[in-house]
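Chain IDs A, B, C and D follow the sequence of writing; residue 1 opens each chain.
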Amino acid sequence: MAIGIGGPSTGRATRGHDVVGMLLGASLPLLAVAAALLIGAVMLMLLNADPVRAYGALLEGAFGSTSGITQSLVKATPLLLVGLGICIAFRASVINIGAEGQIILGAVAATWFALEFRTMPGWFLIPGTIVMGFTAGAFWGFVPGILKARLGVNEILTTVMMNAIALQFMNFMIRGPLIDPAGVTAGQYLAQSEKLPEQVWLMRLVPQTLLHAGIFVALALAVVTYVFLWRTTIGYRIRAVGLNPDASRYAGIRVPVYQALSLTLAGGLAGVAGAVEVIGVQHRLLDGITSGYGFSGIVTALFGGLHPLGTIPASFVFGGLLVGADKMQRAVQVPSALIQAILGLIVLFVVGSQYWARRRAARRIDALATAAPTVGADEVAA
Amino acid sequence: SNSATQAPATSQPASPSEAASTAPSTAPAESPSQAAKKFRVALIMPSATTDLAFSQSMYQALVAEQQKAGGEGNFEIKFTENMFNVPDAQAAIRDYASQGFDLVIAHGSQYGAGVEEIAKDFPAVSFAWGTDVNTFGLPNVYAYTAAAQEGGYVNGVMAALVTKSKKIGVTGPVEVGDAKTYIDGFTQGVAATDSSIKVSKTWTGSFSDVAAMTEAAKAHITAGADVLTGSSQSVVGSIGAAKDAGNVVWFGTQSDQVSLAPTLVVASQVYDWTVVLDDMIAKIQSGTLGGDTYTLQLKNGGLKIAYNSGYNLSADAKAAGDKAIADITSGAVTVSP
Amino acid sequence: MNAIKRIEMRDIVKRFPGVLANDHVDFDVNAGEVHALLGENGAGKSTLVRQLYGLYRPDEGEILIDGRPVVFHSPADAIRAGIGMIHQHFMLVPTLTVAENVALGLPSSRGVRLDLDVVASRITELSHTYGLKVDPAAYVWQLAVGEQQRVEIIKALYRGASLIILDEPTAVLTPQEVDDLFVTLRRMAGEGHALTFISHKLHEVMAISDRVTALRDGRMAGTRPTAGVTKEELAQMMVGREVKSLAPQPMQRRDVRLRIHALHAMGDRGTEALRGVSLDVCGGQIVGLAGVSGNGQRELAQCLAGLRTVTDGRIEIETRDMTGSSLNERIDAGLAYVPEERMRDGAIREFSVQENVFLHEHADPRFTHGIFLDFGAMKAHARDLVTRFSIKTPSLDTPLKNLSGGNIQKLILARELSRKPRVLIAAQPTRGVDIGATEYIHERLLEQRDAGTAILLISEDLDEIQELSDLIVVMYEGQIVGTVARGSASPETLGLLMAGVAPAGDRGAAESVRPPAAIA
Amino acid sequence: MNESVLATVVAILAAAIRLATPYLYASIGEMFAQRSGVLNLGVDGIMLVGAFAAFYGTLMTGSLWVGVVVAVLAGLAMGMLMSVISVTLKAEQGISGIGLSLFGLGLSSLLFKTLVGTVKTVDGFRPIRVPVLSDVPYLGDIFFSQSLPVYVAFLLVPVSWYVLERTPWGLRVRAVGQNPAAADTLGVNVDLTRYLCVCLGAMLAGLAGASLSIALVNLFQENLTAGAGYIAVALVYFGGWRPVGILLGALLFSTVTAIQLRMQVLGIQIPSDFAVMLPYVLTIVALTFSANRARQPAALNQPFERGGA
């Protein structure tokens, strides 16, 4: 599929000669963002707010202070986790729009687990909740996965539907089985769970900020995902299936299995994002737990050229963008909807910009194909 | 913070806030002179300032305070809306606090944890949050809530007398928060007046799905209901349905919804936060940065029943309503949330 | 309709990433003549005519119609100028009817209402005039290849094309169908159409054309009146050297390696594609499966590879029943498969050369530690193959799509042969590959045969079949309609078999509807 | 009793017809886009912009027709944006659509807050009782007592079928969605055809929004559609890219929704959340059994490049 050109096309390429591609993959999205921000500036002026001040606030809020940077990292964590899942899915050319629902399922499962075994020690509880999150999210990805694989039901639709279902399921949980008893006795039935036991809270890294150890979980999983996709037989098959299902079938690879698997893993990673959000940031399950990470995670992965390692910086940049946007809203008091509109434009422009990345890639074939010595020569050179 | 020390009331004895102000404050040095003149409030809300409901009720109260204080010059309002994401809200709270606002209002119970955490870091800034009754034992935190069930009860009593079909329809978003407490109060009011009346409820599962609200209301109407009520910003849909039906009346809550159907809204329970804010601001200016909790009640005038002059309510129904108010105010009737 | 008297391409240059497809080529056609365009695969024939049809824009040079320069921005312009093209790969919409395909892109005589009935009757007219039988109401996916080609021709005629370009129209036809086509082409020329006929089959060029232009590596090798040249001269012009033909040794018969018994299977369209196919292939034997495409060869290959479910019958590899087993199990049993659609089924364009080497074997213990790939071992193996099969590639990390068709085919063959298969199924192994590569691949196949592998060679190229096969089996409508030993049947006989006509008096074919094992 | 049951049934069906309207506009529009090979996931965003445009236009001028026109134009603008990104720049269509949805959501909310501010209502299209027909017992109340946009929406079904199956342009659309290369060689302008289809679809999506804001609920609010646009896309698959199939799908979905809302009124005891889930679950189930991929346009979601792979 057309996407992902921005990033290196093979794992080996990252170790060496596709530098241009990588730089391009990195710079083009940034240009796209700039273009979107430019239009945003016009909107700002129409709302008679000073764009310079606004974007100044955006930068400052994102990266200009400890609180800014840490907050950006706090957002980068779920973005990275979701983005990694998106990488896997898209490498199998499966489109996963269900991350929202998968995050929710992960969060619900994690919450339930932590409250159910509240007496357990942290060394058991923390991994436990994360595994629960993964499992639940994976299940929510498996369903559309298997439907696509076995019956050819379009995954875009099933995942969208399952987002809606997941949302209602959480509504039910947080005002039914999981509702905060304290809230009930206080006579106000808040849509949120009880606070989780302290031992399951992830360690806070910087005092007076929300930055928590979850970021390490995400980074570790990024490396794991990279190795998985480019260093293992399963990853090899997932990529083969994504690039050419027919050839994969002729090579004896069970295409449906790997499509379903990729969606399942994507769901799992989103589920982990949900779990980490609960035990790292909120310390309880409540409405709006996903805060749109399911969608912004897709953009993040695109920023990263659908490459697990590329997604790391991408998640930080995009996280910063979101944090800075809030700061900007406070600074110049524009409706938050404006930021939403700008983010939408950013997505549009980023995917659009890859047109030039493909052009660039095509031109590179030229250089390679014209001079085509036999491998012998190549080995000498190497 | 400085505003507290240099408050006009110089006769005031040294208040705890003196200590607070002299204690190292993380608040950056924004020019004291300006702050002395100006009272600066920041408001963080879960929905939009225009939701005709929870968020709007607080925003309008602040605007009212601004008028009293004599406009922007003396009373600055900054707000952040649609903060459904709690960590973002916390970032906003911390940010406002560090900008040295005098009062930071976290208008949503889900913000509690953040307030508790951040208030500790900014002892010289006053925080208010709701709806809840818990100040975490901190000297610079106010908590506020609304006894929505009270107005619900009064509406219920009148509704019971207004309905002819003895069928009443209720449309709500999700069965939580003061949507629930209001509706519980309402049903109690109806039951207390006429136990033969059937109150049926529909929850649409969404705070914003107006189309569903409309359809839910239509469902009640076709089922024979001639009185409707409900909560959340999407009730505008239900009101629209009532309008189309023509012969169906509406009871509102959270803010006065007459504007939406001038002839069909019987009465609205109106949240008037100024009652809370008046006292809170006075206290802050005199140096008391927190510790109290407020509850909007009929008694303290925080809750008002706004009758709609455009609708001619039968005398006995009005009387019953007023009686219910009186009973609740006097404590003769207590409505359980 | 604007009749073209003369169309001329001057000094055309066209570059593609990595190739100079046309290098200063001159080409012209007159009304009423057939001008053949001859050249190996990749010589630049299609590219040249695609520019004439407005699909590509020349980098240099100019196109003139009746002496006036023209610039085509899109096929629409070319069509308007009276040019029609029958593409090497048919350009039809399978889900539409013949009439709809013809009417596509044309204004309707009823304005906003489609006039398919009008179109249909016009089509019937045309098919009478030029002897092109088609049913306007039939859906294209229902048509055999030959019929589809007729639809393509009708599309061009319907649009009043006075210059018609046919890009390798005979590649998919039986000798008889070729004859019919030539009759049609003659008529069209007689009607004053100008025709450009692309092929790399010398005898066809000799048979149909008035003039011939040969391309080599995108460059002009000359233009001659057909009357004045011999096949040998043309071969020289086309290839630039003598073409040696191989004389394979007669085989030594070994044990039966692949046994197919009364095989039945459905096709993609829900119709039965295989109707009781029985066939034995022995070690050290090449069985050539001839037939017009679409008569079940593809399905048979897929059944043998385990990629299509067998509804009835049995498949045995070395007496082991493999009917139900998966592709992987068959591979383990010693089966190797070179699929027909090189680029679609045989390789992954975006993968590197090395990655493509391991499509089957990436999980083989020799190249893995547990679930982890062992790049060291993989690199060594890949480099070994690339050098042994002299595959031209900048490096092992080069994306496969940057290799030439022939080199890609060599790579696939190398991959399959490197497993020392007991049974090899090679479908169209040299399609779209130039003569050099073709010779190389043929040598490898015979080498493998002599090494004792049982080879089933599926090809639509009769010359290839006759050159390599120890035994020729002809398929028609899902059945084997004839079995002929090497050299015992003329192309004509085979052609008739391929067309489903059992030739009278040809005993060899007539009595041979039994499996070959029975003969021996 | 029996009477009331009947009354309820009639009410449910009438509601179903009403609720199906926005889906019909949006889905049939999306059908054109998809038949030409473009998967436009931005429908929800376009509907929102259309809904606001219609609402604001009506609010300002007091004329519903102005509202309708503005909605169509707004849809057109959004359609152009989508076309440039996904047809000219050949971007991955699924993602482009999501971007468009985000943009539409943000833009419509922004315009609402800055131009209108608080919740206002307008006098939308009123039900028109079709003479005679509307007096037919039950059927009259179900089918012939609806507002104009509803009738138009249902009229759209045969019309779109005719355009697609019986006109030269429809033929081009079908060809472009199946085999763009072939259409291209016959001089059909693939990109133009796709532009037209995407924009036509977007304009209908704009109308879908209008049918919400000035016919169904007669007001605008942030995120008024609450995801209806995504359902609309699903219905296109469900309907097998055929107007009639889409009609059935839309009616199925809207009927279940109508029933779901009444279940609570009738006091049927299942948690409201599960009731709300019902239509979505059902759509998935339906998609599962009606998985007619065979009918899917072969070139759907595939940008076209001449001579390219």
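Quick notes on this one:
Basically, contacts are C-beta pairs under 8 Å (C-beta built on N, C-alpha and C of every residue); 3 or more make two chains touch, one makes a residue touch a chain.
A quick note: this is a predicted structure, and the numbers were derived from the prediction, not measured.
Taking the definition of touch as given, a chain qualifies here only if it contacts subunit B and subunit C alike; those chains are A, D.
Rounded to whole angstrom units, the spacing between the C-alpha centres of subunit A and subunit D is 29.
In this assembly, the C-alpha centroid of subunit C lies 46 Å from the C-alpha centroid of subunit D.
The distance from the centre of subunit A to the centre of subunit B, with each centre set as the mean of the Cα atoms, comes to 37 Å.
Looking at subunit B, one finds that residues 174-175, 205 touch two or more other chains. In subunit A, 168, 171, 335, 337 are the positions where the chain touches two or more neighbouring chains simultaneously. In subunit D, the residues touching two or more other chains are 113, 222, 273, 276.
The chain pairs satisfying the stated touch condition come to A-B, A-C, A-D, B-D, C-D. Subunit D makes touch with subunit B in their complex at residues 7-8, 11, 15, 18-19, 22, 113, 117-119, 121, 212, 216-219, 221-226, 228, 257-258, 261-262, 264-267, 272-273, 275-276.
Only residues 50, 53, 55-56, 74-80, 85, 87, 91-96, 100-101, 103-108, 112-114, 155, 349, 401 of subunit C touch subunit D when the two sit together in their complex. Across the interface of their complex, subunit C is touched by residues 9-10, 12-13, 17, 231-234, 236-237, 239-240, 243-244, 246-252, 362-363, 365-366, 368-376, 378-379, 382 of subunit A. Those residues of subunit A that touch subunit D in the complex are listed here as 1-3, 43, 47, 95, 97, 147, 151-154, 156-158, 160-162, 164-165, 168-169, 171-172, 176, 295, 298-299, 302, 335, 337-348, 350-352, 354-355, 358.
On the side of subunit B, the complex with subunit A involves touching residues 78-82, 84-88, 90-92, 94-96, 98, 109-110, 113, 121, 131-133, 145, 174-178, 180-181, 205, 336-337.
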